[in-house]
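Shared between the two complexes below is chain A, which pairs with chain B and chain C, respectively.
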Partner chain A sequence: MSNEDKVREVLTEQGKLPGNVAELGIDDDLYQAGLTSHASVNVMLAIEDEFDIEFPDEMLKKSTFASIAAIDAAVQQIQSES
Partner chain B sequence: MPDNPELASEYSAFRDGLVDADFLVRSDIDGLYGRTDKFEDIIEGIDRLVVELGSDQNAKVLRFPPVMPTTVFEKTDYLASFPDLTGSIHTFTGNDKAHAQLLQVHSDGGDWTDLLDPSGEMLIPAACHPTYPLLTGTLPEGGRKLDVYGYCFRHEPSIDPTRMQAFRMHEYVYVGTPEGALAHREQWAPRGLKLLTDLGMTPEKVVANDPFFGRAGRMLAVNQRDGELKYELVVQTYPGQMTAVVSVNYHEDHFGKPFNIKSADGAVAHSSCVGFGMERIALALLATHGLDTAIWPESVRELIYP
Partner chain C sequence: MDVPRSAPRMRVGVDIASAADVRESIETFGDRYLDRIFTPHEREVCQGPIDRMATRLAARFAAKEAVIKVLRPHAAAPNWRCMEVRTDSAGWSDLVLTGAAHEMAQAAELRDFSLSMSHDHDVATAVVVAVQEGT
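Let's turn to the complex of A and B:
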């Protein structure tokens, strides 16, 4: 499974989005799609589990989880630094 | 803001002063106090001023006991943000045999509270929380305003008397449209500042920094700060320490969504509130003007003891 697919899977399980995650473009704004700040925390924790990574403090902010592409990029950045 | 260890001696000196001067009565637990008539007179004086400020709000007055159903607590999502501050009520539900066991464990010095069961009730962490289930449905045009005043519980034991575990909050709550919620917040921030200034203090309005729990909390705190959702009015209580005494908080749809509240146009309701920390304002007055209220500035005395 690609990273993008894994991110979509996490969003489906934890994002509590009203719409279908499969229909979201990778750059679509997840907050506009209905991601609440509390749900974004669950997404963050599930992404950490899924990829076995830990977000550094400076990445624990809204923009890190603003789109599928943004999450994907953050995961890649952490993986490349470890 | 967490306690500052460097101020520990200031905290205990202020606390001891408050007890010696007969404002507070200590218990065996940090942050849990009795209040004397001298202290309650100040609280009543402050509350009179708060109610005066709110007299144009046409707010429905609601008073609750300091306890609410766990089902309401769950919907507020408080557990995600502040699990360490919660107060859950437990009680004994067993039979005679279990009662004998309970007493035996207690007399053996064991932890008898292990034998209690949750009552389905929680201590209220913020005065407005029990109001939201009453608003489920569609609000009238213009939304609703509520005046709520009651005891709140937050489990954060501290020797700093301004950080009580059980304290009163007087709130004006707005529920309706996003614009209305923001307007309510913008209306109340200057009112709060004026009240504190009239009382001879030098308040500042700062973006709030709530103690959200854990790593998840770090993200919620950043969201709260970046969104500038909540402001606090802070005053100096100790050298170099500002203490929040009033907060103005825009909740977005945090309560509208789980409690299924709709504004008149059918959209999910947004809400905001101003909360006056009654004990904190009283203590800030005592920290600012001293423990001898007879020599407080006359302008302040006239407001508190009219």
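Let's turn to the complex of A and C:
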């Protein structure tokens, strides 16, 4: 399973989005799609579990979880620095 | 009607949170969720049966989000733990901003933050106001 697929799976389980995650483009705005601040916390924690990483405080900003591509990029950045 | 020139300029933020969502997060992620969002004081004040704890924590989450709306950050929002709801022995609560939240408030010349929280069944809400100097 690709990283993008894993991110989509987490969004499906934890994002509480009203629409179908499979229909979202990788650059679509997740907040516009209905992602709340509280749900983004759950997404962050589930991403940490899925990829065995930990988001540093400086990455806990709205833009990190703004799209599937942004989450994927953040995961890759953390993995490359560990 | 014109606002008197001496009247302070205010900023207000409001937010709403679901206690059921908070409860679900506690049950799914446990301390990792609680430690990421809430300070030791907030966790201590909200201790109790899970439903009551979730409701009170949901009000505090709403308070933190309301603070962010007052701060109006252009880039990264401050860490949630930088915005603490301090509750006294009588049950009244105030805000204590530290770290990045304190720095943002200073940069925007915001002072005298004031907080009110409420909850009813599953829904918790918070309103935060602050005075903006230099305007």
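Rule of thumb we're sticking to: the second predicted complex is superposed on the first by the 82 of 82 C-alpha atoms of A that agree within 3 Å, B and C clash if a C-alpha of one lies under 4 Å from a C-alpha of the other, contacts with A are read in each partner's own complex, and residues count from 1 in each chain.
Note that a contact is a pair of C-beta atoms (placed from the backbone, for glycine too) under 8 Å apart; a residue touches a chain by one contact, two chains touch by 3 or more.
Nothing here was measured: the structure is a model prediction, and the numbers come from that model.
Novice: Once the structures are superposed on A, label A:2 by its partner contacts, choosing first (chain B), second (chain C), both or neither.
Specialist: neither
Novice: Based on the superposed arrangement, let me know which partner A:40 touches: chain B (first), chain C (second), both, or neither?
Specialist: First partner only.
Novice: So, does A:82 touch the first partner chain B, the second partner chain C, both, or neither?
Specialist: The answer is neither, since A:82 touches no partner chain.
Novice: What is the contact status of A:32 with respect to chain B (first) and chain C (second): first, second, both, or neither?
Specialist: neither
Novice: So chain A touches chain B in one structure and chain C in the other; where do those two contact lists coincide?
Specialist: Common interface on chain A, chain B vs chain C: 37-38, 41-42, 44-45, 57, 60-62.
Novice: Under the touch definition given earlier, write down the residues of chain B that touch chain A in their complex.
Specialist: Checking each residue of chain B against chain A gives 77, 80-81, 215-216, 218-220, 222-224, 226-227, 254, 257.
Novice: Show which residues of chain A lie in contact with chain B when the two form their complex.
Specialist: Contacts found on chain A: 36-38, 40-42, 44-45, 55, 57, 60-62.
Novice: Help me check something: in the complex, which residues belonging to chain A touch chain C?
Specialist: Checking each residue of chain A against chain C gives 16, 37-39, 41-42, 44-45, 48, 57-58, 60-63.
Novice: Spell out the part of chain C that touches chain A in their complex, as residue ranges.
Specialist: 17-18, 21-22, 25, 28-29, 32-33, 36-37, 61, 65, 75-77, 79
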